[in-house]
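Below are two complexes that have chain A in common, paired first with chain B and then with chain C.
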Partner chain A sequence: MALLKVENLSVGYKSKKGMVNAVNNISFSIEQGRSLGFVGESGCGKTTIGMTLMGLLPENASILKGDIIFNGNNLASFNDEKWRAFRGKEISMIFQAAMNALNPVIRVDEQIAEVIQIHNPAMSKSDVSNQVKKIFSLVEIPEDRLRDFPHQYSGGMKQRAIIAMALACAPKLIIADEPTTALDVIVQDQILKEIKKIQKALNTSVIFISHDIAVVADVCKDICVMYGGHIVEKGTREEVFKSPRHPYTKTLLGSYLTLDSYEDINVPEIREAPDLITMTGGCRFSANCNCKSQKCQCQTPEWVNLSSTHQALCFEELLNKDKND
Partner chain B sequence: MKTKKIIFNKLIEITILFFIILTVLFFLFRAAPGDPVSRMVDPTLTPEDIQLLIAQMGLDEPAWKQYIIYIKNFFSGNLGHSFHYGEPVSNIILDRMPCTILLFTTSTLLAAFAGVFLGKIAAWKKGSAIDNVLSIGALLCHTLFIPWFALLVLWAFAYKLGWFPLGGIISPELWINDTSFFIKMLDVLHHMFLPLLTLFFIHLGSYLLLMRSSMLGVLKEEYIITARAKGLSDKVIRNKHAARNAALPVITSVGLSLAFSINGGALTEQIFTWPGIGRELIFAVSNNDYPLAQACFLLITAVVLIANLIVDLLYAYMDPRISY
Partner chain C sequence: MTEEQNIQTPIIELNGVTKEYSSKKNFLSKGETNIIALNNISLAIQKKEIFGLVGQSGSGKTTIGRLLVKLEEPTKGIIKLNGKPTNKLKGKALKHYRSKVQMIFQDPYQSLNPHLSIAETIIEPLVVNKIGNALTRRDKVLETLEIAGLSPGEDFFHRYPHQLSGGQRQRVAVARAIILDPDFIVADEPTSMLDATIAIQLFQLLLDIRKKFKMTFLFITHNLAAARYLCDRIAVIHNGVIVETGSADKVIKDPQHPYTKKLILAQPGFNFKN
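Right after this comes the complex of A and B.
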């Protein structure tokens, strides 16, 4: 049985102009020990998914429909009290260190001990501090830096400390939201290796959210490509990156520059972002798509199975037409 | 060790500043219009008597000589004699200062604690009925016209209802008779209540609003989401993760207002006839009582400088990112 199974999830933000459908009717699942990546541009709803899974949606947002089944519990029906006991213990989140995710006036070890203490109230002080030391050695922060304040850490160390925080209670699922954005590539590489190593060692599942295709391709075996609140294509990393089928996935991959394709850079043009308030039916990518089909604008596309693991949200004949070109 | 060195350096800085201000004050007073002798309106005084008086006050010397004498005296602990009272200025200051410190420290600290506490709650429940009541109340407190409010309080609670004395710090009969310390203390508290209440409300508003806005800023920070993601309770997030960061601007404000309380509170002292420095200052300035006025201003200078030092040190303690 899958560790996490999300079915037909829709999340909306109330705004003055109306409900913004940030996440629309998405389904995915993840097995224990696997890693799933979400890629897409800013505003496609990837962070909203992460926040929904943590129960950390802002006040004006709510789950409109759908189920989130984690280990037999439906998270969509959790109340505040249940969430509090759940967060940080069963599912935890790796935040972006560059964004001040560590409290500047509390020592780093205290910020990590806090998580352990709250979820294991019976644990003695010395046990907690031993546990903190263990986690620090796991993320390779020297022990004499334990009592430091966050501002004494470098960017990479801060990110390690945040990873340590997410690991503190050995959660079954970790959500990493842009964990390496704003780090230089060398540190980024170290952090990604760290995440992969830990995932293997603890057999944790990881949901990786990023706009950086290279990062997601590095860490994740399964990929979901998102556009305008929809998952538009999902499959294994090889399927999605080697043989992308959905027009948006192609656009996204085409916008990624590589050295050998330097000569014929053909960055596709994205003309407008979909209006998530008024758009109800139709394909959300239709305004930017090259297919120019009338059908796309009025009829909602359906999942086309391309292999047992590879699917795209489009019209079958359009996908095939595209192939023949 | 490091802290000691910081304090030592700061103290040197403060001393230099103090003497600069002392010099400026000295010449400012001499440059001000009016002279102390003209205040003593007595038709029997002959020009010779006036000359004698001026010589007695040391005002016949040129200003720079007076300054040297003043500095010499200052180092021997002699601040001069008050022209009006004829007493050593240090005696007058020492007599009035405890009253002022008692009243203003108590009211400022009480108001700061209450402001931080209420501001924290208002920010946490932003937009709720509690927040509206607190914010509007704080705004009212903040904009109160001090003399009007003080007189209103005095009129209502002391004159109409008669619950509290009209002024002073202690009932004279208790002072003369042999009463226990406890009873005297209660009597002082009884006298202090109304001025304390006035100052409390005047300060409360600004602290509350400051804490509220600071807290609202902190609650938007990323680390508050991190704290929630850990599964911490609302109370821990509010008090440990948010309030400590948010209270920093309030500390600065407390330091500053402690410093300005001595002169700023002069109106309150005047209305409640509280025998403090503020009243003495108004009196000394309007009577050209140079030594007394100068000493009052020097005292304010010292309090401002020391309060700033304490704020700096407290800041470094509260916020580890700050080091000197």
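Right after this comes the complex of A and C.
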């Protein structure tokens, strides 16, 4: 059985202009020990998914429909009290800006110990401190830096401390929301290796959210590509990145600079962000898509199975037409 | 680079530039410790060139940018603009220098004043330098907006930064940088906050501006792939020292210094090995 199964989830934000459908009817699942990556641009809803899975949606947001089944519990129906016991223990999160996620006036080891104490009130003080030391050695922070304050850490070390905090209670699932965005390439490389190593060692499941597709490709075996609140393509990383089929995935990959790809880069037209308030029912990418088909603007596209693991949200004839070009 | 360009005076020249920051005495630490942010940096940037400065956080790449726009003075060494030394400029000369060297900052969410409309933001350099009158300024702003890809200009004229996306804000920053027709622009990680599809559009804009105005750029980044796409030459900087300089192609295809090799290895790509 899958560790986490999300079915037909929609999340909306109330605004003056109406309900903003940030996440629309998405389904995915993740097995124990696997890694799933969400890629997409700013505003595509990937962080909203992470916040929903952590029960951290702001007050103006709500789950409109759908189920989130985690280990037999439906998280969509959890109240605050249940969330508090659950969050950090079963599912934890590595946040984007490590510099803001640590409390500047509390020593780092105390911040990690706090997580353990809250979820295991019966644990003795020395056991807690042993556990903290164990986790710090796992993320390779030297023991003599345990009693430091966050400002004494470099950016990479802060991110390691955040990872340590996420690991404190040995959760079954870790959500990493842009964990390396603020770091430079060398530190980013170290942190990604760290995450992969820990995931293997503890057999934790990881949901990795990033706008940087190469980073997601590095960490995750399975990929979901998001656009305008929809998942538009999913599959293994080889399928999605080596033979992308959805027009948006192609645009995204075609504009991504790597050291090898710099010569055949496609510069996309200046594009409009998708309107998440008015629901036309059509494909949200249709305004920016090259296919220019009338059908896309009024009919909802459906999932096309390309292999047992590879699917795209588009019209079959358009996918095939594109292939023949 | 052609022969002809080699003989020309470089637009910008750094000659043995060293920058030290002293951490001031306080009651906890006795005595002064100097941090050497840049150590004996020499480089020359030719007209119409996009010169890339690549390095990781703390390597000193932003300090070079700050020295060039005269937010700081070097401790030692000379910076020349069009062959003329610019150390310790004051008053009118400094104002003139700043109109000739512009900067595009990293974070378009912080580099634009939220209280100023787009028009006011872009017009400000003209007002400060007393160029034109109200009417010609308006035309100039509209024209510059179009060049920066904010078209039609009238649509953006009265908007405020919060009404624009990250990519559009960065285009406003570009418009503000080019409106005085400077000799040289320092672009400090202008796309690190932007998505890949938007970043590539901004790179295209910078290339267009170079072509149209024969503009010279210093492009500061930690992204080697971006540097290769955009730059003619690259300098790799590590701990305040330039460890390798060369054409973008050569530095990336055939890196000599171990640090450059390390940077290239750390660059994320799509080779699924694990």
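Note that the second predicted complex is superposed on the first by the 315 of 325 C-alpha atoms of A that agree within 3 Å, B and C clash if a C-alpha of one lies under 4 Å from a C-alpha of the other, contacts with A are read in each partner's own complex, and residues count from 1 in each chain.
Here is the rule we use: contacts are C-beta pairs under 8 Å (C-beta built on N, C-alpha and C of every residue); 3 or more make two chains touch, one makes a residue touch a chain.
Note that this is a predicted model, so its numbers are computed, not measured.
Aligning the two structures on chain A places chain B and chain C next to each other without any clash.
When the two structures are aligned on the shared chain, A:A201 is found in touch with neither chain B nor chain C. Figure note: vertex chain A, arms to chain B and chain C, all at CA centres after fitting on chain A; angle 70 degrees, rounded to a multiple of 10.
Look at A:A170: by the touch rule set out above, it reaches neither chain B nor chain C.
Contact with neither chain B nor chain C is seen for A:C298 once the two complexes are overlaid on the shared chain.
Applying the stated contact rule after C-alpha superposition, one finds that A:I118 touches chain B and leaves chain C untouched. For chain A, the partner touching the most residues, choosing from chain B and chain C, is C. Of the two partner chains, chain B is the only one touched by A:S92; chain C is not.
Once chain A of one complex is fitted onto chain A of the other, the partner contacts of A:I213 are limited to chain C, with no touch recorded for chain B. Of the two partner chains, chain B is the only one touched by A:I106; chain C is not. Nearest C-alpha atoms belonging to chain B and chain C sit 5 Å apart in the superposition, given in whole angstrom. On chain A, the patch touched by chain B and the patch touched by chain C do not overlap at any residue. Those residues of chain A lying in contact with chain B across their complex are 54, 56, 83-89, 92-93, 95-96, 99-106, 114-115, 118-119, 149, 151, 162, 165.
For chain A in complex with chain C, the residues that touch the partner chain are 41-42, 155, 183-189, 192, 196, 211-215, 217-218, 237-238, 241-242, 251-252, 255-262, 265, 267-268, 270-271, 273. Listing the residues of chain B that touch chain A in their complex gives 221-223, 225-233, 236, 240-241, 244-245, 318-321.
On the side of chain C, the complex with chain A involves touching residues 56-57, 149, 165-166, 195-201, 204, 222-226, 228-229, 252, 262-270, 272, 274.
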